[in-house]
Amino acid sequence: MIQLFNVTKSYGKENVALREMTVHIEKGEFTYVTGPSGAGKTTFLNMLYGACKPTRGQILINGINITRMSGRQIPYLRRKIGVVFQDYKLLNSRSVYENVAFALEAQGKKRYEVSKRVYKALKEVGLEHRLQRKPIELSGGEQQRIAIARALVVEPLILLADEPSGNLDQEVTLEIMELFKRANARGTTVLLATHDHSLYKRFPKRVLGLEDGRLIMDHQP
Amino acid sequence: MLDNISYFIRRALRNMRQWPVLCSAAILTMAVALATMATFFLVVINIQGLATSWSEEVQVVAYFQYPPAGNQLAPLIRKVEAFADVKQAIYITKTEALKRFEARLGDDAGLLEGVSRDLLPASLEISLKSGSHNREGVARVVAELKKDSRFDDLRFGQEWLERFENFVDLLKFVGLVLGSFFLLAALFIVSNTIKLTLYARRDELEIMALVGATKRFIQIPFLLEGALQGLASGVCALGFLTLAYKLLLQKSLQTFWLTPVGFDPIFLNGNQQLILVLCGILLGSLGSLVSLRKFVRL
Amino acid sequence: MLDNISYFIRRALRNMRQWPVLCSAAILTMAVALATMATFFLVVINIQGLATSWSEEVQVVAYFQYPPAGNQLAPLIRKVEAFADVKQAIYITKTEALKRFEARLGDDAGLLEGVSRDLLPASLEISLKSGSHNREGVARVVAELKKDSRFDDLRFGQEWLERFENFVDLLKFVGLVLGSFFLLAALFIVSNTIKLTLYARRDELEIMALVGATKRFIQIPFLLEGALQGLASGVCALGFLTLAYKLLLQKSLQTFWLTPVGFDPIFLNGNQQLILVLCGILLGSLGSLVSLRKFVRL
Amino acid sequence: MIQLFNVTKSYGKENVALREMTVHIEKGEFTYVTGPSGAGKTTFLNMLYGACKPTRGQILINGINITRMSGRQIPYLRRKIGVVFQDYKLLNSRSVYENVAFALEAQGKKRYEVSKRVYKALKEVGLEHRLQRKPIELSGGEQQRIAIARALVVEPLILLADEPSGNLDQEVTLEIMELFKRANARGTTVLLATHDHSLYKRFPKRVLGLEDGRLIMDHQP
């Protein structure tokens, strides 16, 4: 499903975020990406949905080399991928409903289908009563859950979640993990970047450990 | 497809409702630019209209050494009217000539009292066809007339005609220069306004791209919005112009020309009004398009 | 304090360097607005200048029934020149009058051949003082002259004068209306541009307030920035205007007037140039101020 | 130092974020504010630095009633308070240095002093080598540390930290906690909103527990 070959990403000359990373992730796998702050977790995920291109190396998703992808094709790649951004990236000028519906509308889904699926996704993260609010009128954890709902509503082939529980209390974190596991059970490949040791102790899965841009650990439970 | 279009329109309208400040800023800026340009256009077409009605007065006057005999007059007029450039020839008798001269002197007419009724010669006033109201036309007619020895003297205001033609040329030139200046200024201001509008909404553009919207999907609602704003601004400009014309310009133009011939001030005709509104739409969509290309990078 | 000022200036300059698009958008918009207004102003003052030079020709002509005897002439002129409104009185003999009349007829002068040299009466041409070039001044002089029975007839172009005065009034009115329209449009566009600029930077304003900056501390750099942009736009507009005037307007104005009196086209004098630049500064700072009040809420 | 009397904050009619909260915090105290997502932690902190006013009730800081404070006085209140915002609130158009220096410049500090203190604060959070970067070119955890540096650089009387370790790994979290404790030892009153149970288990301090806007726990170790 996801194959990286010798991927290096550097910003400027000496600022290397990822070094010679080679990793294969199977379809339907659930993988944690861990490492200290600044290790390159976000950079790794960013490259998978085409937000930045590797400086060297190749990335294949579903057998397609996305490093050679043109700007025209990237939207179609992104439609297969749900992303929970570390900084949420919600539109403060739009309601919660619109924020989530956006991901479906961008794919040209019918209005009726959109509203049904958005409602379901918001219900799953426990925010169906916040439909008409603006994200800025929500608490940090609620915003994070909106971002999760937006990533899941498209029923993606791949889910990239960057620190999805940083602002959530333990209880909600467990609920969210249930959601991820359910999506995973339906066949979605999940990559979850986190610092939270307790998370992968409680739900043991494959763990990729990064440090200073290097893959220093690849641990299968 | 139809579903998509209605979605785009809904989104464009929602955007406009959501950002009333940005939206009205863009509309009014465009309206001001359009109204300014249209005002200039109006002034120029009115001056040109006046110029045309002036040039209709261009004529050649041929003075007779001796008034022609009654039976010679009609053939002569027919001959002159047969010239390619001539529309009409009118015979002016000595008495009539003096009467006109008196009228022309106005306040000073009293000075001619007691002057012989024979003072002024009889003449033929030759008016030209509409295509020949220029130096070349006059020159051709004069050349023809010179062949006839019955004419003592020819008057055709050569100097005045040259000066007048220079003036009209200059006017067109100044109009063109000012017009293009304003067009450029308008385009510049509008594209800047829209650029700022988009800049203020750059997160939206970014996030759309991140959730998998295609370039076209992102751009179309903004283009539509630009076009709608352009439409609104065109209508505003037209309304403003009509009002200004009715209340102000019409009167001022009429007085300004102190028009010797019956000249009615011209307003934009139906087609031109349509063009104004279309210009607005074009301005809005072009402005959006140019700015969007900068902001929607995928 | 001095430390603070240098800090504010540094921040304003840094802002402008950091947002070259926003900055140049604001500058050029203001420059266009200012140049437009100044162009209108130039046209109006030139027309008014021409009007003044025209009105200098306003004079009263008093015709004698019989030419005065040589020794009576000098006291009469002295008497007339003693009137409060009169600048100068010049005696025109019969011969001179006919010569002038011929000159005035121009092309038609040939018609006067053989006319008696006595045709026209002698007259006194009375020019008025600069304050009296209007209907009231003329009326006062005429009233005085009427008391003298030696004058047969008085000419003072009453009708022409009225029409001319109406025209100048109208011109001023149109200039005022168009001028205020452009001023408003400029203010509107500028404050909108600055509003958009600030809107695009609203996070910055918000965060400044959150870390404990006072309202004044937040506003001053933006005000300074507005003033600097205004200064730049004023200088741009002035440069553009000078160029346009040199290359285009000067020539066109000269030809346009077909000026009978020696009238030189007027450009902005030093003070007016200064005012233009000051207007830019005012526009920029006012625009910033107005918009800032909306965005900096604490 | 901080006294709240019957403070209620509601947005709109039925959306009540805080209910009848009465609490006293002494000068120099170190207090955790905990509670599930949406409990009202951020709302509580927001009111202390004048970002929003309580619907009912009074808040006294240093004996001054800040609910009656005019807009002119609020900046002076804020200068005594350092805030680590849950969403960082960094300026992406400014360098890291400028972001931190901002807080000092706003108080009219001399240029020389500013640069000295900014450098020191960035060193403390371990980011002195990121001086000229833009926040957007930093990892999530690095951004969070910049926000912490900006709050600490003013040597505030009160430090409000909203979820300051959500994007930090355990190691960096411990370092940051050391910083907070050191500031606390110098006399700064610290309020720290967090979900992280392990945090207050490891560094036991007074804990205020919120739920659904109510203060349901006030536990002194």
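For clarity, chains are labelled A, B, C and D in written order, and residue numbers in each chain start from 1.
Simple rule for what comes next: a residue touches a chain if its C-beta (ideal position, glycine included) is under 8 Å from a C-beta of that chain, and two chains touch if they have at least 3 such contacts.
This structure is a prediction, so every number in the text was calculated from the model and none was measured.
Centroid analysis (C-alpha atoms only) places B farthest from chain D. Each chain gets one centre point, the mean of its Cα atoms, and the points for chain C and chain D are 62 Å apart. Chain A and chain C have CA centres that are 67 Å apart. Rounded to whole angstrom units, the spacing between the C-alpha centres of chain B and chain C is 25. The distance from the centre of chain A to the centre of chain B, each centre being the mean of the chain's C-alpha atoms, comes to 62 Å.
Within chain B, contacts with two or more other chains are made by no residue at all. Not a single residue position of chain A touches two or more of the other chains. Taken as a graph of touching chains, this assembly forms a single closed ring in which every chain touches exactly two others. Two chains count as a pair here when they touch; such pairs are A-B, A-D, B-C, C-D. On the chain C side of its complex with chain D, the touching residues are 3-4, 7, 18-19, 201, 203-204, 206-215, 217, 297-298.
On the chain B side of its complex with chain C, the touching residues are 21-22, 25, 28-29, 32, 36, 101, 107-108, 110-111, 115, 119-120, 153, 155, 157, 163, 166-167, 170, 173-174, 177, 182, 185, 188-189, 192-193, 195-197, 199-200, 248, 252, 255-256, 258. Contact residues on chain D toward chain C in their complex (touch as defined above): 49, 51, 71-72, 74-79, 81, 83, 85, 89-93, 102-103, 105-108, 110-111, 150, 154. By the touch rule above, chain D contacts chain A in their complex via residues 11, 35-39, 41-43, 86-87, 137-142, 144-145, 162-163, 166-172, 195, 197-198.
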